[in-house]
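As structure tokens, the structure follows; a few thoughts come after it.
Chain lettering (A, B and C) follows the sequence in which the chains are written, and residue indices restart at 1 in each chain.
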Amino acid sequence: MIVTFPHMGNVYVLVKTLFDEMGVEYIIPPKCNKRTLELGTKYAPEMACLPLKINIGNFIESIEQGADTIIITGGCGPCRFGYYAEMHKEILAGLGYNVEIITLEVNEKGIPELLCRLKRMIGGRSVSSLALPMYKAMRIQTAADKLEELSFRIRPREIRKGSTDAIMQKYFDTVKTVYGAKAIAHLIEETRNLLLSTEIDKDYAPIKIGIVGEIYTLIEPFTNLDIEKMLGNMGVEVNRSLYISHWIKEHIILGGLHMRKKQPFEREAEPYLKTAIGGHAQETLGNTVLYAKQHYDGAIQIYPLTCMPEIVAGSIMPSVTKDYDIPVLTLVMDEITGEAGYITRIDAFVDMLRRRRQIKEANNELVLSGH
Amino acid sequence: MNSCYLGIDVGSVSTNFVLLDDNGIVLKKLYLRTQGEPIRILKEGLTEIRDFIGDRYSIAASGTTGSGRQLASLIVGADIVKNEITAHAVAALAVRPDTRTILEIGGQDSKIIIIRDGMVYDFAMNTVCAAGTGSFLDRQAARLNIPIEKFGGYALKSSNPVRIAGRCAVFAESDMIHKQQTGQCLEDIINGLCEALVRNYLNNLAKGKAIESPILFQGGVAANVGIVSAFERELKEKIIVPENYDVMGAVGAAILAREETEKKGYTIFHGFDIIKSKYEAVSFQCSHCSNCCEVVELLADSQVVARWGDRCGRWSNAKEQKRAAG
Amino acid sequence: MFKKIGIPRALLYYDYYPLWHTFFENVGAEIVLSDRTNNKILNDGVKYCINEACLPVKLFHGHIVNLIGKADCLFVPRMKSVARNEYICPKFTGLPDMIRSSVPNLPPIIDCEVNLRKSNAQLKEAFFEAGSFFTEDKARIWTAAQIAMEANDRYRKQVEGGRLPAQILENRQVPDNDGLRIAVIGHIYNLYDDYINRGLLGKLYENGARVFTPELIQGGIVDGNAAKLDKKVFWSFARRLMGAAMHFAEQKNVDGVIYLMSFGCGIDSFIAELCERRLRRQTDIPFYLIVLDEHSGEAGINTRLEAFIDMLKWRKRNDSDLSAHG
């Protein structure tokens, strides 16, 4: 049994740690690329959302390298993601691939079924043997996410342009080649130190932009034009509202134990969207409000074309923009995304935020100097 | 010798040149078809500019904008490279400092820019859908066998515009053919097309945005009186078409370039000798990773001047690196 | 207290109008229904609703606009789940918030939440909340709720007994044809809104066809078929469509299947695909997907529909020729 899984940003760090520790044989799909998307677009339904299409591409590219089992997480609605696995099965079977798909979810058959599936994933060993590796993997994912977060703060301030990119690129290239939790943790720590020792302009006060929207397109750089890097290199500090480690902690661990507490974003979203509607619609609206309250200069909402929850959030967003005076740029991603047009828009958005900041500062000075 | 400021807007349909004098007056404007050959057209435009200024003026700043702004900036030596949204806003504000809304419809894309207190407050840009752009009108004019310059005039003669369905160019076209076959008169069909374009534009771009006067209409399509009138009917506001509506992006680039050089005290404009250089943009597919980026390499007299198009930066960050070394 | 309540003739109107109507009538409300979908409603919908939404949700916005000024309040329940462990489309759940943010000059909106995912108990709350806007008499509300539930049951039985929602709600005539047997699968608001589907059912009737829709199939049969899937389709309405398609695939009792989908429908992007794959795998019944959006012209749909019917007739003739000779 050789397992594989879909890409979603840096989630392979978590999966790799887990499988390394468990001694499960696995294949990390090739980094999402044009061919991945081409394969997905060719075989997935035309109006399916972008993540499903890219998943299909990931699977085919892994199968070509010898994978025979696919691990994915699932769900039970209302977002389409909950039915992904069934679509994957249909499409892959239709193409003649003989692969097993193991969906990790608590469905109508309850927890015992999930345990059964976990057991199958680790080749029949007892599920309890997963506990420690899972714990380690979670810790490493948290560290990996924090590392990316740090890079978003360093990049706009770096003195020598490209130094953050170089450090991160080396990390991404290396992390796939080291083995086991200890080595990965070490690499992350090493990279962190490199970032911290990067020469930065401490007095520079960059424009700050919060990134909100649908989690997959937020996390997977292939689907968002590597927006954090792009903005960082334009001298903008970025804060991303969703991370894999955070999602797992909230939805799988605390959610599973029914210990999830109401989050600040939910309180802020409620006046605009009263209940959770699936996906990350409340996160999108609530986090935008939070960014505004933290004096961010603007926010960018990203989601895949036809994404149901984000369409709702997008339709309500103008009210948030108006109430909190925070500019929001919306980027809807699909397979025919013309990169140039998006770059122009992002560029103009940053220009606009800079100009707004200047005027605001000028006004403040006027007030302070008593005019 | 007096100073003047050069602005260049390289779009996919047209490449526009503007020369501003010290008072911000347009000394010269050029509107050239890009024809998929931006380098040749750039040289052609520069030659014409050179011949125009002779020894009367010197170029004190140059700026580029439009989808080909990077390429153009490398060739001419631009003091500033700006996206076309900011450029259009700056140009509009120079014409009317109290501008509150800019409608811009170009050949391949369209934009709306909301201005408040003299700065960009909100904007939207459409690049995917053709039904709200100039090339859609060009195509329909050709199909109806009417010169595009006369298109608007026909629309004004209509008393009862036909409703053309479609916010998508393909569907609008088939609906128009259908209406033609049912024998509707040409003026009404043309007016219907103008209304459809305006409706599409507003539905696609203006949703949730407060369109307030003064409203400036820029871009090549602003020449079309049919569209102007359809906007006025739909918005119930007066539409202002500035004198240099068709080259406002270039005007903005020139203004921004001037501001930039006044700040830093010098220009990096390469001068007109570059016309004699042989420029060549070649592209190759990088095979380092599976992204297979299409990397563009700009050569001046066989020397690599710049590379772009790679996602990881391995080429664009290493200008002097030889391609074979990758 | 309110007197007049406006109900949009869109989306779940086709599923729940008898229930809503009976309930509000019995708490003393006067009911104002929006007009049948028309051009103005479509235009308003497209104008106010976010571009990325599907056509039915856009039309819903148009129906809301149609009701402004005609009623004291509007009924837009927050529909989250209509059955245990099932959901419906997230856009339905967010509908009241979408409307509030997008449509100006709204009267108050009654947006009681309906969420039966965990139990039916919540329904009672919803009734009391909605009723409280018209009467303080709790007993009256509860009686009205009982009568409404009965009306709802009667409506379901009528439909399962063979009467289409459009016949019951809109007095549409359905001829007693015995020609081609054609299944039309699609969301209820796409099947029975003649404007949205350009009179599709009517055209099938004109061609002598007998039409089968998912609503006409007994609930038990739908459930039985849907239960055969590896994983439960957790959207209630989509489960009905899937179960119906599986029923047709199993019984092979229709000559053709048309799936009516709205452009941008997230759920149909999966379900239409699954239905098609299953039908093609298990049968050789022709399957035809019609995608509806605001720019689908009537002419285009007619052409395709005619061709599909011709093909079915042809195939049928061939089949009977064979059997006559066999």
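As a working rule, a contact is a pair of C-beta atoms (placed from the backbone, for glycine too) under 8 Å apart; a residue touches a chain by one contact, two chains touch by 3 or more.
Note that the structure is a prediction, hence the values are computed from the model and not measured.
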{"item": "Chain hops separating chain C from chain A, counting only touching neighbours", "value": "1"}
{"item": "Innermost chain, taking as reference the mean of every protein Cα atom displayed", "value": "A"}
{"item": "Distance between the centres, which are taken as Cα means, of chain B and chain A, whole angstrom", "value": "35"}
{"item": "Separation of mean Cα positions, chain C and chain B [Å, integer]", "value": "45"}
{"item": "Multi-partner residues of chain B (each touching 2 or more other chains)", "value": "208"}
{"item": "Two or more partner chains touched - positions in chain A", "value": "318"}
{"item": "For chain C, residues contacting two or more additional chains", "value": "50, 102"}
{"item": "Chain A-touching residues of chain B, taken from the complex the two chains share", "value": "67, 82-86, 109, 117, 119-123, 125, 127-128, 208, 289-292, 311-313, 317"}
{"item": "Chain C residues within the chain B interface of the complex", "value": "39, 43, 46-48, 50-51, 102, 294-297, 299-300"}
{"item": "Footprint of chain C on chain A - complex, ascending", "value": "45-49, 74, 76-80, 82-83, 85-87, 89-90, 94, 103, 107-108, 272-275, 277-279, 281, 305-309, 311-319, 332"}
{"item": "Of chain C, residues touching chain A in the complex", "value": "49-50, 52-53, 78, 80, 85-91, 93-94, 96-98, 100-102, 111, 113, 229-235, 263-270, 272-274, 277"}
{"item": "Residue numbers on chain B that touch chain C, as the complex places them", "value": "163, 165-168, 171-172, 174-175, 178, 199, 202-204, 207-208"}
